[in-house]
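Just passing along the structure, written as structure tokens.
Note that the chains are named A, B, C and D in the order they appear, and that numbering of residues resets to 1 at the start of each chain.
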Amino acid sequence: MTKKYRAGILGATGTVGQRFIQLLQAHPQFEVTALAASDRSAGKPYSEACTWRLPGEMPSAVKTIVVQPPQPPLDCDFVFSSLPGDIARQSEESFARAGYPVISNSSAFRMDADVPLLIPEVNHEHLRLLDTQRVERDFEGHGFIVTNPNCSTIMIALALAPLHARFGIEAAVVTTMQALSGAGYPGVPSLDINDNVIPFISNEEEKIETETQKILGKVSGSSIQAAEFAVSAQCHRVNVSDGHMAAVRVKFSRPVELTEVRDALATFTSLPQEMRLHSAPPQPIIVRGEADRPQPRLDRDAGDGMSVTIGRIARDRVLDYRFVALSHNTIRGAAGAAILNAELLAATSRLGRSPG
Amino acid sequence: MTKKYRAGILGATGTVGQRFIQLLQAHPQFEVTALAASDRSAGKPYSEACTWRLPGEMPSAVKTIVVQPPQPPLDCDFVFSSLPGDIARQSEESFARAGYPVISNSSAFRMDADVPLLIPEVNHEHLRLLDTQRVERDFEGHGFIVTNPNCSTIMIALALAPLHARFGIEAAVVTTMQALSGAGYPGVPSLDINDNVIPFISNEEEKIETETQKILGKVSGSSIQAAEFAVSAQCHRVNVSDGHMAAVRVKFSRPVELTEVRDALATFTSLPQEMRLHSAPPQPIIVRGEADRPQPRLDRDAGDGMSVTIGRIARDRVLDYRFVALSHNTIRGAAGAAILNAELLAATSRLGRSPG
Amino acid sequence: MTKKYRAGILGATGTVGQRFIQLLQAHPQFEVTALAASDRSAGKPYSEACTWRLPGEMPSAVKTIVVQPPQPPLDCDFVFSSLPGDIARQSEESFARAGYPVISNSSAFRMDADVPLLIPEVNHEHLRLLDTQRVERDFEGHGFIVTNPNCSTIMIALALAPLHARFGIEAAVVTTMQALSGAGYPGVPSLDINDNVIPFISNEEEKIETETQKILGKVSGSSIQAAEFAVSAQCHRVNVSDGHMAAVRVKFSRPVELTEVRDALATFTSLPQEMRLHSAPPQPIIVRGEADRPQPRLDRDAGDGMSVTIGRIARDRVLDYRFVALSHNTIRGAAGAAILNAELLAATSRLGRSPG
Amino acid sequence: MTKKYRAGILGATGTVGQRFIQLLQAHPQFEVTALAASDRSAGKPYSEACTWRLPGEMPSAVKTIVVQPPQPPLDCDFVFSSLPGDIARQSEESFARAGYPVISNSSAFRMDADVPLLIPEVNHEHLRLLDTQRVERDFEGHGFIVTNPNCSTIMIALALAPLHARFGIEAAVVTTMQALSGAGYPGVPSLDINDNVIPFISNEEEKIETETQKILGKVSGSSIQAAEFAVSAQCHRVNVSDGHMAAVRVKFSRPVELTEVRDALATFTSLPQEMRLHSAPPQPIIVRGEADRPQPRLDRDAGDGMSVTIGRIARDRVLDYRFVALSHNTIRGAAGAAILNAELLAATSRLGRSPG
């Protein structure tokens, strides 16, 4: 086996940072060699800097890594970032400028015209933007920035992608019921969500509405032409630990049969499945026939948290079809998404080695 | 003060039955004089037949009333019914035939062409159907059947009514997050809903889609012409004790300003407010401006559980406007709805006295 | 009716501060005239400084009161304090020194030898300490400090008081299951408590073990001789909004019959009931006979949140008897406790008027 | 590898029955060849008879097995039973009489004098009772009945065993906070436990108090002499899916240092660890030092659900020491316990082959 890529994690002490470490624990291509965080934890070994909040123990390999500030240089070949929005922009750019590939889960660069908002199954051709990006931004060597979408958007765009490809989508109406882990830690106070639903997640509706159009857009010259259909999103926080759910309606450009819809979703596979990328689930979309599925507790771990589960596909009285989608918001919706992005970048020889 | 009407309650031991008793405890016009239930509780005093599940104590006035089978005669002037669907049809009809006004929360007769599906603020003119009903069904004396809508539909129809009246609705898209008490008792097993959402409530989507059209329809001769706009409903059970929430989008027949929408909702009052019916809330619809309201725990008791709270009114990218609505599903959505219906019927001299 | 006492509230924006305002909204003797808080809210009207988190609306009377820093002078006759522990000590002492009666829910002075740790039903004679306190602390005019116990301790001490008085307690073993609101706001992160129990509440076990002994102690000269029996407390946070529960075992100094235990608890009343203090519940302790009571959701509001509900009284195999106790932790356990203290102080002419 | 034992499961459609199937899915010694259930599911393939409620899919190997009534003969070498108490006694006895080893999780025979109440780490010598049992009950061939304790008792007895062995226990005081899955399915209605704690689990306190004494008793001739120390149990249901927690106090026969207590627990291993039984966790008891552990969500899966996690070990003011224990109630507390029992029986050549 070839030598592993050495990965750094920016925002390593947060909820998503911990997921990165957990998911990379036995990864065949990547090993964690550097950890950085923006808070007061820099300078401490990770075992002291971080209160581990995932079930199971903190992987022993990272316990003694001393947490660094999120600035280059770091001892690694590339970085994953789950930095909070406010500091992500400056930190990520400085890493890319210094020659590190930056694979980011943060929202800072998602909507920049020259930054791919990547879901490997959906829009791998958007990676062409990297050529422009490198030139225009003056990034050193292998440096670039690739982002993955918002935790809800990934699931929605993955579900819409095969439908848009086959039938053409004219409009999509999405209503989400989102898990607590989406808000990070400490996140939502228990007094706010006990016996309750909160119909507000800051900027979430806007992100879903705009990111989806970019993801499903087409490369046109050196930029992306956003998909033209309108997306409407209403977002709610529910008392669930992990697993975002979305009730989705779609309107198509042409008449479509129910079996065609089901078939388009159930048979969908793409490049990551062909390339057998390590984190690519055999089925990006799992269609279930039971009347009461998907459910967060039962389906969030499908495909090791990387599959979107879809059920209740039916004709809709106002738009054309409707269904319910669910995926694990901190795996497919965050850390797992970025790792799959990294795997695609490695497989397509875009992950250079060793600036750090 | 005049003598009170004597009310019987069919389905008295269930969740909604208990709410009837609680809400009628100090009612100025109605007093509970008879209790009936379909289960093995007939023959026992209510204090033995019923495990009281609402906060606070079982009202002492009903403790010694002996539970009867749900068949006439009962010692009362009229009956409230919250019988389960399967036996409601036969039982309610037998009471109406025997001359009792039947004010029902059950679904059995809701969609019958000659039965009003009544929300006093919305469609009091539908009571004209009672003339036809009496003639065609051969009911004795004061006997008739009036129903109230499904717990989610009431809230939705109340919210749509002023919008439809002013702007004309062309389509409504509704996604609900419904409380546990809507499933009765024992209802949803805790193992199913702990850390979970269930995207299925039997027949609920169909009820919302069809009942709403009937409620907002117009009397045409001896029947109701259903409203012509399409309704789409996706329904979910969330881990909340009381308070149904709905994310709603609407498309109007004409261009409308945001302030018009807000104004139409916030200023809405109707006949029950004019008549000062005892259970009519001063504001049937309360509009809130905070970004994170309504919430079940904070808003379900607004207007003593009889107001619908609406927030997050905004333009929608696919339909025209969207908002979030919330109301108490066992008060405005069930027992309180039927009691308000009874108050309107009493105020319009339709509640005759004493077949029992 | 005589003029009302004018009350200031220190810590007015917190969870307990809001309860004070809610409970004083229609109080016959006290009106809120001043609000203070230690955070960045000083200088703003209360409606802006405070996010109201209790069901129902912020009382309109306080909306325009400008929040002050928690330092004298304040425009009031006396102050309620729910300041956080770290700043309470300095702030409360400065008010007492300036002549204000300080009725505190904070832990700062609870264990000071000359400060009454008051439960009016249990140890009103501890108020004699105020004579010493005034002399030794050099407080101006009417200035003094009276505290109420920790939210769990109040319930436990109230339950033990009639047993200790009649039978003599030799040991008490207490295991609590405590509500989220006991941790204030934002308090416990939802990710920590969803589908979980946390067996740790900082300093809680120590407070219960030591405060209980002081409360049930006897005045001896100018100090309190703590009760001599040992108290063992193990404390847990459970996913409940309001209502602390405790499983309690007691060992008595002499053989006692089960009926005596039940009778001692069920018939207990004391000075506040005799004096008909406004917030005194008719029954400080309500004994229930059902096998599955008390329960937080069903019993926390008993006696308007001022009664302790006790059930499952039985012989114990290791100690002598056991039972389960429950009370509302932010009413009887905090704001309501302090208000009852103030009512007793007013009724015994210890609440002077108008330093402010 | 030798041929696997063929296992039948009585009560296969219930919560614990499903855990048996899940845990035996890849077991090196046992394969599931027969399924039986007492309900209306007999005659149907398991995939139709059972609604699978555990995360993940129903193992495909059992889908086509036709469910039988719980009466011999069954096509298997021995049976696991998780039948409900009322029918377990007759059914299990009939299997033992027909020559099948019966390894039962039900409560029916637990307290019978000649039936081992087995925890392999604690009282494997109780298996000597099987000699008596066979003679007195007239069981055919390999037939016998071995039971495992109640889900809470296992955890408590496991925790007390090394302490009793080293220091002698004089009294144990236990307060449990138990998970929903302990009540089976549908079990606890969500309306009962949302925002609530229920201080009652039928017969649970009695089971803990009596079973613990039997388990920690000594074989004396042909029977068990129960341990003489008293056990006090108070039991509560909390809103947690899996993982029973217990606050425990113990009084020892002699003075003991804190480090001795910790050491006795942390270093405990026993026969199953020596024999390297497949389901035996390396550490039957895991001691944690953090102030806020164990917690159900974080610790229930320790040792694949077979370890008891203990924390908060400290001196107690009334008894001698206290701690908090936690284990997975449907793994170590039910199905996993019975499987470990079967592994010990197989390893000691007590599991005969093929009556079925």
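Assume contacts are C-beta pairs under 8 Å (C-beta built on N, C-alpha and C of every residue); 3 or more make two chains touch, one makes a residue touch a chain.
Only a predicted model underlies this, so the values are computations on that prediction, with no experimental measurement involved.
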item	value
Touching both chain B and chain C (chains)	A, D
Pair in A-B, A-D or B-D that repeats B-C, with over half of contact pairs matching by residue number	A-D
Degree value of the rotation bringing chain A onto chain D, based on Cα positions, nearest 5	180
Chain A-chain D separation of Cα centroids, rounded to whole Å	41
Whole-Å gap between the CA centroids of chain C and chain D	43
Chain centre separation in whole Å, for chain C relative to chain A (CA means)	48
Numbers and ranges of chain C residues touching at least 2 other chains	194-195, 239-241, 297-298
List of chain D residues in touch with chain A within their complex	55-56, 194-195, 297-298, 301
Chain B contact footprint on chain A (complex, rising order)	171-173, 175, 177, 194-200, 209, 230-232, 234, 236, 238-241, 245, 247, 249, 291-298, 311-312, 316-319, 322, 324
Touching residues (chain side chain C, partner chain A) in the complex	15, 53, 180-181, 185-195, 239-241
